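Paired with subunit B in one complex and with subunit C in the other, subunit A is shared by the two complexes that follow.
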Partner chain A sequence: MITREDVENIALLSKLFVPEEELDGLTRSMQEIIDFADAINNAPTSGEEFDNINNLSNVFREDEVIPSYPVTEILKNAPEQAEDHFLVRNRE
Partner chain B sequence: MTYELVSGFETHIELSTKTKIFCGCTTQFGGEPNTHCCPVCIGLPGTLPVLNKEVVRFAIKAGLAVHGRIADVAKMDRKNYCYPDLAKAYQISQLYAPLIIGGYIELSNGRRIRLHHIHIEEDAGKLIHRHGDTYVDYNRGGVPLIEIVSEPDIRSVDEAKEYVEKLQQVMRWVGISDCKMQEGSMRCDVNISVRPKGTEAFGTRTEIKNMNSITNIARAMEYEYERQVDLIESGGKVIQETLRFDDATGTTSSMRSKEDAHDYRYFRDPDLVTIHVPREEVEALRAEMPELPSEKFERYTEDYGIPEKDAALLTKYRSISEYFDSAIEGVKSPKTVSNFIIGQIFRRVETEADKEIFDVAVKPAQLNELVKLLDSGKIRNNLAKSTLEKMLDSGKGALEFISESDMGGVDEAALLELCKAAVEGNPKAVEDYKNGKEKAIKALVGNVMKNSRGKADARAAEEKIAELIRNA
Partner chain C sequence: MGSIADIHEKLVTKQVSCTELTKSYLEEIEKANTALNAYVCVTGEEALDTAAAVDKKIAAGEEIGMLEGVPMALKDNMSTKGIETTCCSKILTGYKPIFDAAVWEKLKAQNAVLLGKTNMDEFAMGSSCETSYFGGAMNPFDVNHVAGGSSGGAASAVGGNIAAYGLGSDTGGSIRQPAAFCGVVGLKPTYGAVSRYGLIAYGSSLDQIGPITKSVEDASIVYDAIAGADRRDSTSVGAKNGPTYPQLNNDIAGLKIGIAREYLDGVRDDVKEAVLAAAKVYESLGAQIVYFDLPILKFALPVYYIIACAEASSNLGRYDGIRYGYKTAHYNGTHDMICRTRSEGFGGEVQRRILLGTYVLSAGYYDAYYKKATDLRGTIIKAFNNAFENCDVILAPTVPMTAFEKGHATSDPVETYLTDICTVPVNIAGLPGVSVPCGFNAKGMPIGMQLIGKSFDESTILNAAYRYQLAAPENFKDTKWGVKL
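== the complex of A and B ==
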C-alpha cells in the first residue's frame, strides 16, 4: 500500500519538489504502477529462474581503448558549463 | 572501565585495466577535464553499458589473492542516489550477488581479518567545489573499482594499519592495481565502534569516509576512539552517522544531514546480463597466480631461517622477492644473500618507489656468483663486501675485481707475518692501545687489511694483534 509519506520520501531522495495539492494524485498513480508490476510478478511461469528475455549471459567487451568524445560534445547538453566542467550551481 | 576498539573496513581499489568498466574510454589518471568520456560513462539516456571482461578477471585474481571464494553466478545492481558525481543518479555496483565471497587477510600477530565479500562497481566523477558552486569532471566516472568489505574483526589502530598495508601489498603483487592512496586509486571507509573490554555486543558505529593515507587512517581512528569513549563515559550515546576527517585539525565531523539518510533502493540493473563464471577459467587464473607474499614470507623464515623483520623487507614488493629468489639459486646460505640485499643494496635504493621497481646495477646472477665465491671459502666476507660496493658502482661482475691471488684468503703463517709487520711499523698506535685507547687497534687491523689487499679475516687479525701486543 503506497502512502503519501512514501511519495514524499521518494521525491526527497530524487531531489524533486512535489506541491501539496499533487500528492494525492501521485500517490494513486504510483499505487497503479505498483499494482501493474505485481500483476506481472503474479503471472504463472514454468517455475524456472527467469533472468532475461533473450536468455543471455556473459556479454563482455575486450579491454581495448576506443577514443573518447571531444569535450565540446560531452558538454553539449549540459544545462550549465564552465572551464570544460559541468557546472552545478548552489541553490541555497 | 577499559574499552576495546572494533573496526571494519570498506576498501575501494581502482583496477588497472586499460579501459573503463562499461565503455572503451581510457582509465588514465588525470587528463584535461571531461576528455576521457563518452555517452556511456556520462550516463546519457539510450546508451548501453557492456562489461569489460578484464574487470572480471582482475576481480577474480583479487579474490584468489585473499583466499576468497569465486561465485558461480554474479549480477550487477543499481545503487540509486542523487548527487552530481554520478551523472545517471545511480551507480552500477553489486549487492545481491557479488563476484567474490569471504576470504581473509592474515596479520603478523596471527589474527585473521575476515572479508565479507568483494564486489565490482564503477567509480564516480570528481567534484571540485569553488565559490559555493560545483565543477564536475567525469574522467574518473566509470573507472572500474573493487570494493573489499571486511568483517568488524579489527581490534586496534596497529591492526588497521597492517590490514591496509597487507591489502595494498597483495593487490600490487598480483598486478591488479597500483594502490596509490595519494592518487585515490585506493581509498578506505573506516567503520568504528567501541565496547567495554570483555563484552561481546557491538557498540553503535560511525563511518569515516574516504580516507586516503595510512597516517590519516591512524589519526582518525585514534581521535574517533577517544571521542566515542569520552561520550560514553560522560553518559552520552554514540549516534550512527557518517563522518569526514579533517586533516588540518585531526578531528572528525558529521558529513550528512538527516534528510539524506541513505535509502539506495538497490535493484538489479536490467542493462547488464548475468555473469556465469566457468570453473575452468577460475582454475586457469589460479594457475597464473604468482607465489603470494605471505607464502614467500613463510618460505624465507621457515626454510631459510631469515629473521621475520628481514623477510618482511624482502617480501614488501614482488620485484625484491624475485630478485632474492633468483640470487639464492644454488647458494648455501640464502641468509647471506638477504644480508647483502638489505644492507649494501638497500643503501643504494632509497625511495619506496625505487624499491618497488628494484632496478639494481648488480644483477641477481652477479650477486649469486659473489655469494658462491664466499660460500666456497675462496674469498672472505670483508672482500666480498668491498667487491659488492665496486660492483654496485660499476655494474660489473665480481671477477672483474677479484684476482686469482685474492682467492684462497690468507693462511695462518702469512697472517702472523702481516700482524707482526703492522705492530712493528706503527709504534704510536701500539702505544695508544697499551694506554687504554682500544680503538687504536683498528688502525693496526686496517694496515693488515691493506697489505693483504682485503684478503685477511679482520676479526682473526684483531685477535692476533692483541695477542702480539700482550706478549710483547
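== the complex of A and C ==
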C-alpha cells in the first residue's frame, strides 16, 4: 500500500515538486500503476539472469583526448551563463 | 502512391524538379497540418536549399542516390543541428542541438530533403501522441481518431502524404503502433542495428530508430541507409547480415510462420480476423503456419513498464534548468529551482513515469521490482529463442485494436498501457519487428499485423512483408491528404 508520505519521498528523490492539492490524486494513480507492476510477482522464478541483449558486450578503448564541441556553442542553450560557465543563482 | 523509387525515377527522368517537388510537399503541409498536427516544426528554407543542390547535380548530369532529393521528416527526439528539437516537451522548448543525430548525419550526407520535425508523445511516453506539449497528431484516415504513439506525427505525415517517409523511434511500440493505426509500414530494427547517437534517450536498453514508410520496399531502402555501427553509440553493431533490399522478393515457400496463441488473447475480433486472413494469404504463398504457446508473454507488459520507467527516471535526471531548455522564473535555492523547473517543464505522464521509475529503483523495492523484471527479461529472451527453433518468423497483431477516438487514451493510464501489449515483447528481447497494413475495420480504420524476426534477421521479415504486400495490395491505401504523384 502506497501512502502520501511514500509519494512525497519518491518525489523528493525524483526532484519533482508535488503541490499539496495534487498529492491525493497522485497517490491513487501511483497505487494503480504499482498494482499493475505487481503482476510480475506472480511470474514463475526460472532462475534466468538477464545478462545482455543480442550478445552485445562492453566496448573498451584507449583513453585518448579527441576534439569536442566549443564551449561557446555548448553555452548557447544555457538559460544563464557567465565567463564561459553555466550560471546557477541561488535565488531569483 | 509516391514511393521512394517513384520519386527517384521522376527526379532522374526530369519529370519534376526537386524544387517543384519540395514546394508541393510544403504547400500540402500548409493545407493539411492544421487538421493532422503531424509537424511541430517545418523547415522549409533548409528543404529548399537542399532541393536546389540536388537540382544542380541533376542538371550537371551527375548521378543521384535513391534517397537523394526525397522529402522526408524526423521525429522531434532526433537531434538536428541548429533546428529546434523539443521531444514535444515544454522542458526542451527553444533547445537547438549543436550536433546532428547519427541517422540524420547519414541521410543529410545523401541530400535527403528535411521537411520538418514531427509530433510525438512527450519524451516518447504515450500511445496516442496526446501527451505532446503541442497537442496530438491526428489520423489521416479520420481526423477524429488519434494517429497513435509515440511516433504519431511521423505516421500521420506519411499516411497523409506530406512526407515520403519518416524516421521514428520505438521503445515499446512507438514506430509499429502508429504505423498500424495510420495504415503505413513501420520497422523497429534489432537493438544495435542503428546508432542512437543524438536520439534523446527514454529507455536506453529498449530504444531503437527505424523507418515509417508507405511500402515495404521503402522501409527496406531507408533501413539499409541508416543501419551501421557507430563508435559514439557503444551498443551499435550495424546490420550484421548486410543490406535487406537485395533480399526482397525471395521465394517464401516453406517459410515457417509461427503464431503464439497468447498474442491473440484479448485482441478485438476485427483485428484477429484480419491477422488470421493474412496467415491464409501466407499459406497460399507456400508458407507453413505453426501455432505455439508463449505463456511468459502475459508478464511482458509490467516487465516493460518497470524497465522503461526505471531507465527513464535516470535518463531524465539531466533536465535541471541549468544547461539547456526551460527554467522556472522564481525559486529559493538550487534544489527548489531544479524541482520547480522539472515540475513545470514535464507533463503529467512523464512525471508519473519518473516517479514509478524512481520507486522501483529505490532501496527496499529494487529487488522486488527492477531486479525481478530484469530476470524475467532473461526468461522472455530465452522463450523467444526457443520459439525461433521451430519457426522463422512470428506473426502477431501489432495492436489489439484500431485507432481510438481522440481523448479516449488520456483518461486511464493503466488502460492505455494495455494497448502496448503486442509490441513491447520485441523491445524486451531486442528483436526486429515490422508492422504491415493487413485490412480495415467496419469504420474504414486500418489494421496492422506484425512480423517478428530473429535478431539481425530484418531481411527475412521484410521479404515476408514484401511478399504479403504483393499478394494483398488492397490493404495499402492512400488517404485524401497530401501530394498526389
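One rule holds for everything that comes next: the second predicted complex is superposed on the first by the 71 of 92 C-alpha atoms of A that agree within 3 Å, B and C clash if a C-alpha of one lies under 4 Å from a C-alpha of the other, contacts with A are read in each partner's own complex, and residues count from 1 in each chain.
Here is the rule we use: a residue touches a chain if its C-beta (ideal position, glycine included) is under 8 Å from a C-beta of that chain, and two chains touch if they have at least 3 such contacts.
As the structure is a computational prediction, the values presented were derived from the model and not from experiment.
Q: Does subunit B (first) or subunit C (second) touch A:I66, or do both, or does neither?
A: Only subunit B; A:I66 stays clear of subunit C.
Q: Among the partners subunit B and subunit C, which is in contact with a greater number of residues of subunit A?
A: If we count touched residues of subunit A for both partners, the winner is C.
Q: Is A:F36 in contact with subunit B, with subunit C, with both, or with neither (first, second, both, neither)?
A: Touch partner of A:F36: subunit C, not subunit B.
Q: Once chain A of both complexes is superposed, is A:H85 in touch with subunit B (first), subunit C (second), both, or neither?
A: first
Q: Classify the contacts of A:L13 with the two partner chains as first (subunit B alone), second (subunit C alone), both, or neither.
A: A:L13 contacts both subunit B and subunit C.
Q: Which partner chains sit in contact with A:L56 here, subunit B, subunit C, both or neither? Use first/second/both/neither.
A: both
Q: For subunit A, which residues belong to both interfaces, subunit B and subunit C?
A: In subunit A, residues 13-15, 51, 56, 58-59, 61, 69, 74, 77, 86, 88, 90 are touched by subunit B and also by subunit C.
Q: Considering the complex alone, what residue numbers of subunit A touch subunit C?
A: 6-7, 10-11, 13-18, 26, 29-30, 32-34, 36-43, 45-46, 48-51, 53-54, 56, 58-59, 61, 69, 73-74, 76-80, 86, 88, 90-92
Q: Touching subunit A in the complex: which residues of subunit C?
A: 94-96, 98-99, 190-192, 205, 231, 234-235, 237, 296, 299, 301-303, 305-306, 313, 317, 320-340, 342-343, 346, 351-352, 354-356, 358-360, 362, 368-369, 372-379, 381-382, 413-414, 417, 429-430, 455-456
Q: Please name which positions on subunit A make contact with subunit B in the complex.
A: 9, 12-15, 51-52, 56-66, 68-71, 74-75, 77, 82-90
Q: Touching subunit A in the complex: which residues of subunit B?
A: 17-19, 23-26, 32-39, 42, 44, 50-56, 80-82, 84, 89, 128, 132-138, 259, 263, 265, 270, 272-276
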